[in-house]
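Across the two complexes that follow, chain A remains constant while its partner is chain B and subsequently chain C.
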Partner chain A sequence: MHRLFLLPTLLINVVVILIPACLTIALAFFNWDGMSTPHFIGFGNFVMLWNDRIFWRALENNIIWTGIFLTIPIAMGLLAATMLLVARRGGTFFQVIYFLPVVIATVITARIWQGMIYSPVTGVFGYLQNLGLPLVNPLSKPSMALYGVATVDLWHWWGFLCVIFFAALRQVPQEQIEAARIEGATFWQMMRYVLLPGIRPTIILMMIMTVIWSFLVFDFVYILTQGGPAFSSEVLSTLAYRKAFYDLNVGQAAAASIIISLFGLVATYFYIRVQSKEGEQ
Partner chain B sequence: MNKTAWILSGTATALVLMAPLAMAQDKAPVTWWYEQASPENQANLQTLLVDPFNAANAGDELSIDYRGSELDKQLRVAMLSGDGPDVVYTPGPAYVAAMAGAGQLLPLDDFAASLGWKDRLLPVFLDLGTYDGHLYALPKTYETLGLFYNKTFFAENGWTPPTTIPELEALADQMLAAGIVPFAAGNADWRPTNEHYVSIILNSIAGPDNVAKALRGEIPWTSEPFVKAVDTLNAWWQKGYFGPDYFSLTGEQAFAQLATGAAGMAPTGTWNFENVNTYFPPANAEPGFVGFPSGEGVPNPIYALGIGSTFSIAATSENPDGAAAVIDYVFSNEFYGAMNTVWQGEWNMPLRDLSGVTLGEGVLPLYGEAMGALASAVNANQYGYTTWTFFPPATDSYIVSGIEEVWLGSITTQDFLTQLDATFQQELSEGKVPTIPPRG
Partner chain C sequence: MSLIESRLTLTITYIVLGVLTFITLFPIALLILNSVKSAPEIVQNPLAMPESLRWDNFTRAWDDARFPTTLMNSAKLTALTILLVCTTGSLTAYVLARKKVASWKIVTFYLLATTTAPIQLFLFPLYFGFARLGLINNIFAVALVYTAIWSPFAVMLLRTYFLAIPRELEEAALVDGATPWQVFAKVMLPMASPGILTVALIIGLYSWNEFLIATTFLQQQDQMTAVVSFFLLSGQYSSDWGEIMAAALIIVLPVVVLFVALQRRFIEGMAGGSVKG
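Moving on to the complex of A and B:
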């Protein structure tokens, strides 16, 4: 009887996830413009992606993006969360400040950065340029565009990690922290030997989720650069979107989506392994 | 009041209350999904189209649903499921071919005959909406690319609008030397702005005859005239004609630079007429608009023809007559005059004869002149082909990003044209190239 409780969520998952996922997998083997009758072409879409230099550029950008998000926001989040734990006053205030960008809509955040910060006409960068500082809009330079977009996403994202880490740090037994203090541990020793080991499962979980989310990244890239200039900030999801909705090549878009999902699946495997290990403990 | 009286009065009241409902039910709904429009322009559509249409057509009830900038994606999904609107508003002929091929659209031949569209509209547009021998679409608006300039600023500097490419380059070089950005241009808000310049050089340097041949598959895109055209565009980029902030400026910010004199000329589309009154009067400047200068052996001016969006009727429509009546209303002289008085650049319906159209006071005479010149040029077959109207989807999409790669040195002109040609030939073989009307 208790298994009936699974039914509603199972039904939603089948309708919203499983059926579209199966259709996407099937479409990856067809040539389809999204309107007329699909034609089966076997692995043709995958072969075309393999030979598409933009696909490799997009994959490389996704890997760079993952590297950035596995390090910078996690380091920032950990540092700020530890400071919140150590500093006894103003913790709530700083938590709100750090978390605020997370709740602002993506489009608004992106437009603020594009128009009010990076723009050489209406932004802070333009003002500083007029003062003689040699600043350029990173979104306009192929060598910097991906990092320019990542900066915006970092600003929006790291506060979330900070709050998650802070919540985890508060679960670290107070006796361990007090003992370390009495023993004369420095801030870094406290981090290295007490706090980080104490929240290790949370950090690993966040890192696995970061890998999954990094391969799904779309919104900030699409709003700020649409993958440009000259494909320099193209990622797999913008490539799939362009294939589906601009090139009218839904088959190749589906093939690209499957490749995105493969990276997610690998990360999910590790996530489930970590979860089950924790369960065993 | 006895029981019978209660029943009678109750029935009478119910009938009175239900009368408007019954009348509304008699009216057959006509649905139309529109893209994004400002609140002001939504009000214009309500007062100039919806209200008068519904008043004039007792049997139909038109409603417009504003779907935003992602309309084409929503429309494709809805059409696929047979649940789209009656009036199908596509982003261009390339989409019409695919939708017609999939049986999602109703042939309009009978409506065109009974409503006289063939006599009232420019013939080239009827050819463009034809697929497999049947008419499936009519353009809502057509547009062209040309050269906006600041008449006041030009007069102060003793400049005249260029008519040849050497004249254009000489003038642009003078502007560069004077610290003026030659081309007011920016793609920060609309990356496909890139293809405006590709369309210009393909038609004004390689020439529309060559473009037509390539679109029919008679010559490859790697042919010499196209190499020369793309090389010229790249040379302009490398010399700095597009300014240092092309990737940072929005189209409107760039156009504003033209009014202030920060930029010298704007090679852009007629849709920018809607920005003229916002920026030129405050800067005490007078705008000018001419056809883009032509290269050697190409007549001047060549107006590259663009169709921003088209009208069709869904094959599943329950009120095709009502949908045809809406389209017919849009193609009336009265609606053309009224709409272009309040909203210029977006409602240039392809009427064959504009002499019966009256634009309201306050409309820039330049706008009427430009639209008249464009209609005459199209009627005389002196027109070119914009990439977003005549090129198949993947080729068009590649042009937008590929030309950036040329500008930024990632690939050469030859690489760009080779990939463009490969993509085009693939789509040509799949029947995705829109109909290319015969040239006069």
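Moving on to the complex of A and C:
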């Protein structure tokens, strides 16, 4: 009887995720345009990716992205969360504000930054240019496009981490904080020896999730630059999407997807280990 | 909570928190400010106050983004997804929380694994499969995809609510001769209703805002969601940014109002689902 209770969730999950995922793995070894009969080509798709400069650029961008998101938003989140703890009053107020960008649709966030901030015509950057400041639209410069996109995602994302870290910090035993305070710990000492070790599991979990999410990043890149200019901000997920739906090269798209998944898989292994440990408590 | 009392520390703290507040609110302020300005005014200075309030931005956005249809589609899709995730998710969460089946460990493991599966890993075969079955431009089919993607999150969150319900309640019902279904529907489900409400809010937020799946699977004009319609409207070259910001505000406003009103639930749910498991 109780097995039947599991049936709807599992059925939907298997049909939408598991079976197509297995098909993706199979498709990676075929040449397929989405319509005609697929041709088996062994590792051909992987070889073509290996020889594709854009693929390496995309992979590099994903790694840069992971590096950015493992440091800046986590540092911002931790700093703001600790300060919320220090401030004592206004915690809820600041939390709600910092969390606002998380609930705004990615498309809208992207367009606000694109049109109202970065744009040389309608944005703040354009206005400051007219006043003589040497600002350029980062999205149109190959050397800066990725960072321009990352800034938008950063704005959208860091508040989530802040709220999670703040929730975790409030669980740190009061006695430890008191003891450190009585011994005259400074703010940084308090952070280094009491608060950060106290929320270590949460920080580790968020770092694992950051790695997973960094290899999935799609929306902001696709909306803001489509991977351009000249593929300078291409990431693996936009590359796979373009290959599948614009070039109709589903086999190569599948191969790229598998590479994305491999990076995720390593992180997922750690994620499940941490999560199931907590689940058993 | 008394951490560090020095006046200097407190001042620095509030300055940092204030700067972060400014960074967060600045783009949102630009959104609101420019939604009531004319296009030439925005080109002149996006930071200036509007000379007169251009409410016609909203009426033009309403027509150009075909909001009567697309907002309705978003609402349908959101409602369907919430319904599907809450019904299927609470059943699964209950069974997993109470370890009703021997395979509970494997099922939990499998669901955790799928929460981290990249969309691209299943997107392409799913798309071409749906195309063959005639399920492109079908809101129900997209709701099923959303359900598959988000129900593991919902199950993990709901599980914690079921875990908190005292076992005695369930046992008492069983002693009184209730069937497993009655135990679930009459005893457990009402007790877990705060959790279900939280899940409904978060899943509602996700499906209202979702872009990648919606833009891939719902391309026909009359099936499009508001977010996709906004994406197309704002991607045109001859863009009137006053109108675009007005359209953005129409999509964002209900979400932000709901979020501010129920912020505790949103934040606890989103944090709880991803942190506590």
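Details
What we mean here is this: the second predicted complex is superposed on the first by the 266 of 281 C-alpha atoms of A that agree within 3 Å, B and C clash if a C-alpha of one lies under 4 Å from a C-alpha of the other, contacts with A are read in each partner's own complex, and residues count from 1 in each chain.
We take it that a contact is a pair of C-beta atoms (placed from the backbone, for glycine too) under 8 Å apart; a residue touches a chain by one contact, two chains touch by 3 or more.
As the structure is a computational prediction, the values presented were derived from the model and not from experiment.
With chain A as the common reference for superposition, the partners chain B and chain C occupy clashing space.
Residue contacts after overlaying the shared chain place A:121 against chain B and chain C alike. Of the two partner chains, chain B is the only one touched by A:140; chain C is not.
In the superposed model, A:94 lies in contact with chain C only, and not with chain B.
In the overlay built on the shared chain, the residue A:182 is in contact with neither chain B nor chain C.
In the superposition on chain A, contact of A:245 is made with both chain B and chain C.
Touched residues of chain A, counted separately for chain B and chain C, are more numerous for C.
Once the two complexes are overlaid on the shared chain, A:227 sits against chain B while remaining clear of chain C. Look at A:34: by the touch rule set out above, it reaches both chain B and chain C. Within the three-chain overlay, chain B meets chain C in a clash at only one of the listed stretches 43-51, 79-87 or 313-321, and that stretch is 79-87. Residues 34, 121-122, 245 of chain A lie at the contact with chain B in one complex and at the contact with chain C in the other. Only residues 72-73, 76, 79-80, 98-99, 101-102, 104, 188, 191, 244-249, 253, 393-394, 396-398, 401, 404-405, 407-408, 410, 432 of chain B touch chain A when the two sit together in their complex. Partner chain A is touched in their complex by these residues of chain C: 1-4, 9-10, 13-14, 16-17, 20-21, 23-25, 27-28, 30-31, 34, 39, 42-43, 45-47, 84, 87-89, 91-92, 94-95, 100-101, 107-114, 116-129, 144-145, 147-149, 151-152, 155, 179-181, 184, 205, 208-209, 211-212, 216, 227-228, 230-231, 234, 239, 241, 244-245, 248, 251-252, 255-256, 259-260, 263, 266-268, 270-271, 274-277. By the touch rule above, chain A contacts chain B in their complex via residues 33-37, 54, 114, 118-122, 137, 139-140, 142, 226-232, 242, 245-249.
For chain A in complex with chain C, the touching residues are 1-3, 5-6, 8-10, 12-13, 15-21, 23-24, 27, 34, 76, 79-80, 83-88, 90, 92, 94-109, 111-113, 115-117, 121-124, 126-127, 155, 159-160, 163-164, 167-168, 174, 177-178, 181, 186-187, 190, 202, 205, 209, 212, 215-216, 218-219, 222-223, 237, 240-241, 244-245, 250, 253-254, 256-258, 260-261, 264, 267-268, 271-272, 275-276, 278-279.
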